[in-house]
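Next come two complexes, and both contain chain A; in the first it sits with chain B, in the second with chain C.
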Partner chain A sequence: MKGNELKVKGLKGISQIAITLVVGMALIGMASLANAGGKVYKIGLSLAITGPTSDAGNPYAKGVEDYFRFVNDTKLLGDDKIECTIKDDQYQTDVTKRNFEDFLDQGIVFYLNYSTGSTLALKKDFDEVEIPVLPASFHAGNVEDSKYIFLPIASYSEQTILLAEYIVKNNKGAKPKVAMFIHPSAFGRGPVSDLEKAVAAGLGIEIIEVVEHGKDLDNTAMLQRLMSKGVQYVLCQTIQSPVATMLKDAARLGLTAKIFGEAGKITFLGAHYTGGNDLIDLAGAGAENFFWTTSYTITSEPGAGTDAQLSLAKKYGRDDKAANSHNYANGVMVAQVATEVIRRAKEKGVEITKKALYDELNAMNGDKAYQPPTTVGPVTYSATDRAGVDSLQIYSVQQGKFKKIGEPITSEFIKKIK
Partner chain B sequence: MSYFFQIVVSGIVVGSIYALAALGLVLIYKSSRVANFAHGQIIASGAFITYALTVWATIPIYISFFISLIITFFLAWSVERIFLRRLIGEPIISVIMVTIGLASIIDGLIYLTPFGTKNFSFPQFLPSEPIAIAGVSISWTQLVGVIITTLLIGSFSWFFKKSTVGISMRAVSDDQFASMSVGISVPSVFGLAWATAGLSAAAAGGIIGNITGLNFDTLHAFGIVVFPVVILGGLDSILGAVVAGIIMGLIQQFAGGYLDGNWGLNGTGEVLPYIILLIILLIKPHGLFGIHEIERV
Partner chain C sequence: MSANRWLATGNFFTTYQEEQRTFITNLDRLIFSIFLLILFTWPIFFPLNRTYMLVINNILVAVIAVLGLNLVTGFAGLISIGHAAFMGIGAYTVASCSRVLGDSHILITHFWPILILAGGAAGAITGAIVGLPSLRLKHLYLAIATLSFQMIFEWAIKFLTFFNQGQTISVGRVMWFTGEIGREKHYVFWYYVTIILIVVLGFGIRNLFKTRYGRALVAVRDNDRAADAMGMHPGFTKVYAFALSGFLAGVAGAVHAFLYKGAGIESFTLHHSITYLAMAIVGGLGTLNGSFWGPAAIQMLNLQVEKFSEYAGNYLPSAMNLATALRPFTFGLVIVLFLMFEPRGIANWWRITKSYTKTWPFRY
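And now, the complex of A and B:
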């Protein structure tokens, strides 16, 4: 009796294995049929979907995901498809490294990274495997001594220097006194020395103080100290949350300039990750008259970029917050650049490899510059130019919305200090 | 002179909010000798519940704030009932490890909601113009925060000193076995400690969220930011949390107002509280108001 039971169990086991094998092979067959004639290009993205800075990373990931879905759905690359694996690293460099190594095992030809810390830490790895990388960090140090990292837009240094140039052009009276309000990390500190170099090269501002913020509930003391030193402008290079708290405090103390450079008040300005709709969400009315620069178009201004961004977000069912985020635009843009280099390499009939895409990025200049709809200028790269979009647009918060100030401009002093 | 007084006022405001945020840690430690590493997540949860009730359920913020206190009271009580009750009698380190795990679970749950990765701010419900007296200003949000903090801390002090339940909680804190022998239900006391800690954390979350805006990273970080306050105050002392909170707030503001930016110093407001904490702990190892326990063998 027992022997019979064992036999029946054995037969059942064999038949289950057989069924699994048949179903598995059928699925593999269907998958290959579905992509018949097309190739799959693998791309990896590791970023903070959860954890610190995930308020930026989350919409960024959605932007990347949506654009690659769009590419595949609309057959922008013909029968070929892009397969982008997105992994959460919770803003931890060790996890990013592990994700990157997993991606390499999967055979990626292009890599999208996120934070300043992990980009700096993995720089040697990128060089070793010779893979082109677009990070979400615009830290100027990313591209130093590295051939394979390309910044999507002008560096934080360039953004900060451009804002300082804007101050010089629009300040009335004596040499403007400026303080920097920065994140206590490489991300925040990056532009400080470059701004100091620009000042040494003749940029007409006086840097009174560099403040590294903490987790402050109240910035009264700091703001009063800056006022007592005659500071008229505060340049921020950090994330939105500490800027929002500072702006609220400044508004409460009656220190916020109602117009740019108002005497006896402070005008606040900031680089890419300080601004956007999230700042308005956090600071409310305190964000009024905050000046911000980025190379992206924003959805509070009508235009082709806004239309493209909103329609993509709508197509893939994104909510209003993600759809209107400049970090969503940021994610879309890096996906567009990656797609464009694949398209160009394909057009030439060359095999899509890391090297082919790297070469295409380096050739992206002159009449081969690439103009995504969501940036204020073209993306240009070369062996010596590692910042994609060089133009920057200045925006300021007017009645609760970021509005354009003038036309896109480029920094003069960044060239002098390079 | 207004410069000085403004810094004093800001220091007291910040300090009293620290005290309120620290209160939950003190309440749990006071009854169970456990440091709750999920405290920051409970602070954030309180703020998010208030926001959800106010904005999504369109309940007036005054009411939604109190509802959130009640919800968080029961949430924290449930947490104790489900996860921690079975650990009574186990080594304290096991319970602490569970609170670390709990922090990860709450993190994960919050990341499943829009609050995990999106920023929000409470609708303006107080006058935006600050109150200014002799050049010293305080916002309505800060003032209301200080008033709520004072009320809650006063209530808790009364509760622990005068009410039967409060005295039972203190008795459990002193000696669990002796308390049981006189008929006090230790598990119920632990549950109540977690529940009241949840309530105070939610109040702190609502106030901090009104000041900084609702960003999960910022909010849950306060669970760790207030640890020095609790240690300086003496871990199990409510009065200690209040005094230490205000000391910390004043140190931060004075450092920011007078030291930073001078003599090449920067960020002293972040470091100085820890330096002073170390000095005080060298002199008073149990904190300013902590109980010095002597065990006779």
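And now, the complex of A and C:
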């Protein structure tokens, strides 16, 4: 009997060990299956969700977030996923620096930055860690002496010069007198010297005055001064709110041109961050006949790109304001470029590293140019070309909506002054 | 003085020298030595990532700046709303050298301690000049004079092309005996530099108050006419308080420039001046240890509010931009609450804790 009991006990012991082993193996197997779900590529975005310029930063962040969610949800990269950490820097360079260090600690392979100030300040850090960077700032100075910064679209300088070229082509009469209305920072000042160079190279305008705006709530004196100097065109390189204040004042004083270049009146034009639906919201009827350029498609001119933008925003429950914002499109576009370089590197079978993505960006030209649906032209980069979309579309406000004027064009004088 | 040099209960001194001792008992000295040892060794045993080291370095730079602000506002009673501008003078002294000589010039890479002192000296000279109105002005009027200095400084930096119109002027990496301080060691290196500066400057200020020059600051704050009658020179005392404060701010600014590898106007605005004032108030005006508590408390609060407003920014309606308002609202609230319920700042909590342990286990 005792022998049988021992046998039974022994069998029980063996079966318990066997069950434990089987369960253990199954757990290990499940864990390895979970790991086999794909790789995770880390990307960081630091921008102003709160604080100055957060009216642009907020929809931009939503655009980036939504597109990467879309990539993961629809398995655009197969089982691999993109993990993008978005951090608020309140438009402060010191905070951006801290966020960037945090992202590096997390092991990012691609970085999305925001402001001109922080992009210029961190330029050497980007070079040191050799990470490809797409900023939301299109300041031409960003790419000077830098290997790793890529502008998503044509620089502010290129936008301003293109608007000046448009003035020359459409102005009737003598050499047009132009004033510049700029932000008191590198962001605003950047295009001034480039436009002066273009004028020196033969661009037929006369720059009468460069106004660095403050936080004025009334621009009557400035507008009257410009009128007294015979200024016909004001080129704006700043953000929407000071432009809106100026446009409202000009409308109140009856100084706004009803048609482009109307004699005795002023025609207002502006680069990317001056325009968009927010300008119309802020300036109301004063925004009428404001001329604006950007490389993005906008929802008041429906097409395949804007349909995709609106459906993406709808899919992730964004309100109308964000969904229709050109800064939302801006955010979607940089996320698309980052995804595309990862996809291309994956397709080649190379490991996704900072260097691999940097190489892919540099190879994005010729028949390898990338056409995101949110822009009016293809994204091209090379070792010497650091501006993504070179084409610019001119829009103007007609009956409360931005409408296309002609087809996308590129600047001629930017090539001459480079 | 107590017969036992290791423990002492209550306050009993037989000479003024005994009362002026930095460490009353040997136990105090031992505890402080252990504290210093921990400060110097923890990064070796518990290395933090670069982000947290940057946060800690930020606090330490603010400690140097607030030590200076506490001298002029806390001890000498002269309100300064331009402290960030004094810091900026130090930072731009380093940045100017970088701009003129190149950011990797030997002066920056090898002689950086001299540049830090030069930053302090520039801050001291500017402080003395800005302090001149204190010969005629008092209280709020003097505060406005320092505010105007802040405005002039910001304007000058933003509009002069030499200062890159406020955009960051790059400062190169420095060298040590082991070679160039690269990315990996950058923040740890500047942690040690800042800690050494704080210890030296902290002892310097502690000893200053054992001298007639230090006591003159407090005397002029409490009653400048009485101080004058006692043979002190109130005018000179006020100007030198500003100069001393400017020196400390200049040193802090120079370290900031090296830490961030550049100087830009964004780090030295009126907002920063008010933040340093808030640090001094929350830490405890007119106390040495308040200069340590204040920056730590405000910077930690700042981080938490930052996280909260970032989180709130995703959910609050973007059109109203309520998340942006959370930070100034929280800061304002903290300062008002401290002024209402603990005007002596966190330093007072430290004093209460110390006096409790001094008499423990007895109640009195």
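Structural remarks
Keep this in mind: the second predicted complex is superposed on the first by the 382 of 418 C-alpha atoms of A that agree within 3 Å, B and C clash if a C-alpha of one lies under 4 Å from a C-alpha of the other, contacts with A are read in each partner's own complex, and residues count from 1 in each chain.
Following the convention adopted for this analysis, contacts are C-beta pairs under 8 Å (C-beta built on N, C-alpha and C of every residue); 3 or more make two chains touch, one makes a residue touch a chain.
Predicted, not measured: the structure shown is a model, and the values here were computed from it.
For the composite obtained by superposing both complexes on chain A, the positions of chain B and chain C are in clash.
By the touch criterion defined above, A:K215 lies against chain B but remains apart from chain C after alignment on the C-alpha atoms of chain A.
When the shared chain is aligned, chain B comes close enough to touch A:L253, but chain C does not.
Contacts of A:N58 after superposition on the shared chain: both chain B and chain C are touched. Using the contact criterion defined above for the overlaid structures, shared-chain residue A:P184 touches chain B and also reaches chain C.
Look at A:K75: by the touch rule set out above, it reaches neither chain B nor chain C. In the superposition on chain A, contact of A:G117 is made with chain C only, not with chain B. Of the two partner chains placed by superposition, only chain B is touched by A:Q224; chain C is not. When the two complexes are overlaid on their common chain A, residue A:E128 makes contact with chain C while staying clear of chain B.
Of the two partner chains, chain C is the only one that A:E101 touches; chain B does not reach it.
The clash between chain B and chain C in the overlaid arrangement falls on one stretch of those listed (43-51, 61-69 or 115-123), that is 115-123.
Where the contact sets of chain A with chain B and with chain C meet, they give residues 49-51, 54-55, 58-59, 184, 321.
Residue ranges of chain A in contact with chain C, taken from their complex: 49-51, 54-55, 58-59, 87-88, 90, 92-95, 97-98, 101-102, 104-105, 117, 120-121, 123-125, 128-129, 184-186, 189, 321-322.
Within the complex formed with chain A, the residues of chain C that make contact are 49-51, 54-55, 58, 158, 165-168, 170, 183, 260-262, 264, 266-267, 306, 309-310, 313-314, 318-319, 321, 323-324, 326-327. By the touch rule above, chain A contacts chain B in their complex via residues 49-55, 57-59, 184, 208-212, 214-222, 224-226, 228-229, 240-241, 244-245, 248, 251-254, 278, 281-285, 319, 321. Only residues 3, 6-7, 10, 13-14, 17-18, 107-108, 111, 114, 116-121, 124, 128, 130, 137, 139, 142, 208, 211-218, 221-222, 225, 252-258, 260-261, 266-267, 269-270 of chain B touch chain A when the two sit together in their complex.
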